[in-house]
Amino acid sequence: MITVSWLIAVPAVAAVLLLLLPFGRQAAGYLALLVSLAVAGGVIGFIYRFEPLGGDQFGDNIAWIESLGVRWHVGVNGVSLAMISITALITACAIGYGMWAGRDRSHASFALILLTEAFLIMVFSARDLVVFYVGFEGMLIPLLVLLAAWGGAGRKAAVVQVIAYTALGTLLMLLAIAYLGFTAPGGPNFSMADAVGRGNDWVFAAFALALVIKSPLFPFHGWVLPAYRESSPEVAAVLSGVASKAGGFAFLAVLVPLFPAQAATYAWVFIALGTIGFLYGAFLAFRQSDGRSVIAYSSIAQMSFIILGVFLLDSRGATGATFQMVNHALVSAALFLLAGWLETQAGSGSFKHLGGLARSRPVLATVALILGMAALAVPGSSVFASEFLIMLGAFEHSWWLGSIVAIGIVFAAMYMLRWISAVLHEREGDLVGSLNPPDLRRGALLCLLPLVLCLIGLSIAPAQFTDRVDAAATALVSSAAKEAGR
Amino acid sequence: MTQLVWITLALPLIGVVLLSILGMKLPAKGAGWLASLIMLAAFLCAAVATIMLASRPEGDRQVVEVAWVWLTAGDFSVGLDLWFDELTAVMLLVITGIGFLIHVYSIGYMKDDPQSRRFMAYLNLFVFSMLVLVVSANLVLLLVGWGLVGLSSYLLIGFWHNKPKAIKAAKKAFIMNAIGDVGLALGIFLLFVDLGTVTYSGIFAGASELSETQASIACLLLLVGAVAKSAQLPLHTWLPDAMEGPTPISALIHAATMVTAGVYLIARMNPLFVHAPLVLDLIVIIGVVGLLMSGLIAIVQTDIKRIIAFSTMSQIAYMFVGVGLMAYWTGIFHLFTHAFFKALLFLGAGLVIHALHGEQDIRNMGGLRKQLPKVYFCMMIGALALSGIFPFSGGFSKDAILASGLHVDSPIGWIAYIGGLLGALLTGIYTFRLMFMVFHRRPSPYAEKVIPASVAHHGEGPSSMLWPVYILAVGAAVTGFLQIPGVTHLAFSWLDPIAPDGMVEATVGQDWLTTLFGTLIGLIGIAIAYHLYARESDAPERIRLGRGRLFQHALERRLYWDDLYSWAFERPAMWASAFLSRDIDRTAFRWAPLDGLGQLTAFFGRSFTVIENGIVRMYALVLALGIGALILFLLVRGG
Amino acid sequence: MTVGLPLFLAISAILFSIGLVGVLLRRSPLTILLSLEVMLNSVNLTLVAFSREVGGSDGQIFALIVMGIAAAEVVVGLGLVVAMTRREMVLDTDELRTLNG
Amino acid sequence: MIQGPSVDWFAIAPEVALIVGAFVLLLAAAFARGHERALSLILGLGTLIVSVGFSVAAWGDAPVVTMADAFRVDDLTELVRITVAALAALVLLLSVGWNRLREQGSEFTALLLLTCAGMGVVAGSTSFVTLFVGLELFSLSLYVLVAFDGKSRASLEASFKYLVLGTLGSIVLVYGAAFLYGATGSFMYDGIAASLAEGGSGEAVVTLGTALVLVGLLFKVGVMPFHMWVPDVYEGAPTQITGFMAGATKLVAFVALARILLDALPAVEHLWSPVLIIVAIVTIIGGNIAALVQTNVKRMIAWSSVGAAGYALIGIIVHGDLGLRGLVFYLATYAFTAFGAFAVIALFERDQSRAKGYATLDGMRAWGFSRPFAGMAMVVFLLAFAGFPPTAGFIGKFVISGAAVTNDYVYLAVVGVIGSVIGLAYYLRVIVALYDRSRKSDVGLPATPGLGGASLAILLCLAVVLLGGILPSLGLDWAGQAASFLTVAK
């Protein structure tokens, strides 16, 4: 029986092999792709075998560091499954894109992406705080190296930004975890289930700060823009698509269940920050002058919105947040790949030099349009479904919150339409003519297509998703909801 | 029966998929005919389904069916639910019928455009979205359709995407509609919070339990959606700009179907609106003000399509008045007839534009009566119907609305009645101003230059464009006979079951009285227009430059609504966004940690490694000082 | 008059300071080594003084050990100085600053 | 007749073996000229293995006190002995291709063995006398080893600085011991502790003694403000010796510090605890900040080891079971991490034939591509420094932080976090330089002498670092067992 440990081990081992053995570019690419597809295959098996009401599945629970009470305890519930699925999918697409783009030193770059995948799956399936932390902090390194080594011109500043923010956050979280584990009654014990309700306010704050930064939530979003803008497209896709979701996921699956009392008491803080971030990110997105910045700010807005959903502490918010994480992962990963493709092909991502791309580029136009429309949550899309759930939850929380948040829809429409028309419509930009090949062709298209198809599939039958996730998501927030008297 | 409705719904979607997959492999004309045939099939299905519905006993014509559950979370669940009743049937017929005609028309209209396949795909997409909107049995699915029609409208307005004006108009339409969507969504949230359901049946059943405040707020929020979609005050400014899109789009989306969705929503939700009488009054007032305002503005417009666009606004305002007076059937009846004559006018205008090689300014037309006689004849039917002249269709439906106002006999009723009659005067003026300036008068130099060659080349237009116009002309002429007061009674009796709480219906006497007034006033308007515009006259110019100068300017600026929105929202938002991202975000959140922390840390590092200067005596000194400091510290502490 | 512990301690402290000042002020490696020896001897004085005060021979034994090690220390030090001379390095500690920062 | 102290020869067998081995080696070299390298490798490694064998055999036995109670052999002593010997063996492996080994290998190796012996003595000493003897034994050997890179003036300069400052430190230590002796009448830790516990006389003398002893030990440990020698000596010394010092000296010095503070001076914890807290904070922040602005990688890691020492201090400040276990585990694994990192640098220097330049950030650019294994190993070592999973550095920092946060020293843990963040910034600079794609790497490097030995050394370090991170259970148990002997006096 394949357990989730395999999905962690396989990419990790492959990454080490890729790093150490002298693979050629082709061989490295195919091996990495094969591994990522194998992981995706494993995930599909999970989805097929998954029991929505069956709690944790496909897990392992074996002693790891006995003297510290640390166990290799992993498992998959509905929420985890959702996150692991997008991780596998986006990683495969990112590697495919990297192959297509022909990164130099490709074996190292693929190895690091695979390593990131392993750590991410670890985060999403961890049932032990140390396992969780190892994944959470571990993924930072490959991502940083990817950014630092393969990034754009401003990568140095970006790296400093990322370190200044995220490393600080995660290390503070380590202190929180250490406190929880070492003060456990009956000897050190890092099981998440046993840590429930044992933290005090300061532990909660340290833990939350790490997640706030990672997600990111206003006002800790400073690192996002440089990181997303300077990374290579596939890394930006992984970063915004899945790595940032580790923060959102941890809010829902770790922080809220572990600290029900604090989560209930301080929910208003996160709701307030989420609301501010949602509007702030969206508001800033519509004056950016290049595609990636627009998407980066919209990611800030979306993550804020997701966290707001989590802290509504009800079924609607939790399920909606999980769903929205998946949707946003698909949308932003695809958008970053697309924007990156444009940038690489045209030599610039600035709107000044782009525009009018829709003319005689039907494939590009269609893909961009679908993604843009999904991003602005056009009714009927899966993004709409998830946003609807969160907003409904917000409205149930209090009518004014729902009303404020709903304004975000209009903002989203504003910046996404601006992006669409700046890229696709109006006058042809001066660099557009130099595009070669002029339209999305096989390689790059193949990397985007799975993401787009998943979006369409989820739009047709979102209940297929929510049915699997609802029970787990609701259970995660239930004790905090009880504390909040809801 | 429901299978047929499902097929109707599915057909355009299949069309979209086929057209996008086949794409360039299809010949342009083939794509057009494929899309049109699909529409014809959809229309036939809808028609048969309607007949089957009609064959059921009255009171058993409401069918609800659930295809699959679309979305769930906790106790919230939304299905792909079908609701088929008399109102749905009317909407289905209008959408697929008019839709089919316009598809055919588009084949000719777009035949020189290399992107016509995309156009056809978008058209099918629109029809699908609109069908979703009307067959939905719950508000969420309605919202889905609501948003999707907005999306298709966006795509089609901006179809010529290299025209910056078109793209701007498309964005404007989308964002205005997004505001409406927000209102509608909030309404849905409120209803779910209050009633725990979003299905029509649930809401209708629970509506009576709502307090008047709750019902009013919910209705008000739904109304926000309705006014945005139907281009009513105060969210109306997108519609005139939307005329940048291809003319068939104006006919289908911005005249016949999508913009009337607001009317449909109010009529559909009438069991809820009944509990919010104040909101109903508000709807009437919005309608009356809107119809007068847009009628006035239409008089000074010079773009042929914009004139018709303002007339659309004004006619939908009539429908609002009708549903606001709880005479829901009159609104829907007017929606039905309006779909014919307004589509007719747009398509006719399209033919004119086509003949003039894209010229849209009526001052550059004139005298086309002789060169385009068929178009003239058809458009004249449409113009008479629009002006509400007996016995054309518009007359019956509009007068039914006004007569309801008379019948209600309350202040609001009287406002509706008087305002509606005044509006009829304006309608007569602007409609026939258009007709006279385009078809009568002396031809403008431009028209003289262009028209003969154009007509010689392809007559009045390809038959694929002319035939839809003929059919619509017949419809515009006769559809009013469905409800001749005292003679036929089909419109009311067919639609009566949709309002469980009953509807307003004027007496036969009131009806005829109104028809008399309406026709008279319409004729007066036509006479004024004739006086001012049919011949060469300096009267309009005198008014323009004379005493009415300010008023004229205000009307030409469309009463400053656009300027108001620009100054109140757009500019401050743009400025604030730029300020925030350029000045605040960068300094406070992005550079501060980088410069502040990073540079400061490095500075500290550099400054205290200065003592690490390599000289061993220095090191010994530091050691000695360290010893001294430590001893001092311990002695002080240790006592 | 008996010489009391405080006096021994004071003298040793003075010796210690002299040695330290020597290390701090002189730039010749040899003088520095010499100063270190002075400091070591101040320690020895302290040890012996305390040893007498406390009784027993531990302190004196330790002092002897210190002396032995001091000798070894000087050997290594002088060896280094010789090696430095052989590399034609300037015998001025202030010039020994290629390693810094 | 004078009664000599009783000696348990088995207990001190490792040190005896090392000293005997050193002398045998020197003698043998006198008769076998021209075979310096082979001789030193065989005899050196052989001696180390024998020594480790004795230690391993005694592992887990009840502690033995011998040499007039001045030397205690417990599992902590054994752990230090084994670690130090292992590091010395790695030094030899790493030196295989070193030309100085061919020239004067026997002396080098003999000094190395003596260093190990001295360290063993320090680790087990329970008296200031044995402590001083052991300390000087290894210090004197190290002075020479640091100077061993004959051609380099920097090596001599470093050695001289080390000698002067190191002697100064030793003097201060002994001076302090003398005052404590005066106050308590004993050089023995337990004697001092007992006397102080009774409320010993002469508060000022005790304070003075404590202060001076502290300074002497903190100097050996290399924490601020007594760290000045560390960067210079580490930079100037032959790189394998730098690695040895960073690993072994630090471990031994910390064990001595812990034994003295916890066994001899628990009664004056109120005196030394605040000092250590201030020193730890200053060191963690200062060491990392100074490392941040370095361009020479060797010096950068030297500074980072200063910061690491500050971190280890937290373990002593907190003490208790968890803190000391964390301290021992952290130091033992840190030894291999640091040695591994310096081994990679040594390999780099040899690749570049040291004349061309030091291991500057600029010089190391793109080198990771031509030596993929060494490059990746370096990344792992750097991450271990930074305390990232899945390395031993993570576990060590995790346990120490855990001890801190559960014992009301949260602020120290937070300071540690800040230091780690700064640390990450400069470790990443190295990683980025190693994999800088903007420069073409010299893919076909010439065959570097001793590549096999160096690679083996790196691999062994890597194994320890990764095993300590991925499967740390065993290591933590050992560390716990060893650390349990630190709290005897309490």
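For clarity, chains are labelled A, B, C and D in written order, and residue numbers in each chain start from 1.
Simple rule for what comes next: a residue touches a chain if its C-beta (ideal position, glycine included) is under 8 Å from a C-beta of that chain, and two chains touch if they have at least 3 such contacts.
Note that this is a predicted model, so its numbers are computed, not measured.
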item: Shortest contact path, subunit C to subunit D, counted in steps; value: 1
item: Central chain (distance from its CA mean to the mean of all protein CA atoms); value: A
item: Which of A-B and B-C has more C-beta contact pairs; value: A-B
item: Subunit B-subunit C separation of Cα centroids, rounded to whole Å; value: 97
item: Distance between chain centroids, defined by C-alpha means - subunit A, subunit B (Å); value: 37
item: Interchain centroid distance [CA atoms averaged], subunit A/subunit C, Å; value: 64
item: Subunit B and subunit D: spacing of chain centres that average the CA atoms, whole Å; value: 78
item: Residues of subunit C whose C-beta touches two or more other chains; value: 23, 32, 93, 96, 98-101
item: Subunit D residues counted as touching two or more neighbouring chains; value: 160-161, 164, 168, 231-232, 425
item: Subunit A, residues touching no fewer than two other chains; value: 160, 164
item: Contacting chain pairs - touch in the sense defined above; value: A-B, A-D, B-C, B-D, C-D
item: Residue ranges of subunit B touching subunit C (in the complex, touch as defined); value: 609, 612-617, 620-621, 624
item: Subunit C contact footprint on subunit D (complex, rising order); value: 128-129, 132-133, 136, 140, 143-144, 147, 150, 153-154, 156-161, 163-164, 167-168, 171, 174-175, 177-179, 181-182, 185-187, 231-232, 235-236, 294, 296, 299
item: List of subunit B residues in touch with subunit A within their complex; value: 20, 23-24, 68-77, 118, 132, 140, 143-148, 150-151, 154-155, 158, 161-162, 164, 167, 171, 174-175, 178-179, 181-182, 185-186, 188-190, 192-193, 573-574, 576-578, 580-582, 585, 588-590, 592-594, 597-598
item: In the complex, subunit C residues that touch subunit B; value: 20, 23-25, 27, 32, 93-94, 96-101
item: Subunit D contact footprint on subunit A (complex, rising order); value: 19-20, 22, 63-68, 104-105, 108, 130, 133-134, 137-138, 140-141, 144-145, 148-150, 159-160, 163-164, 167-168, 171-172, 174-175, 178-179, 181-183, 188, 202
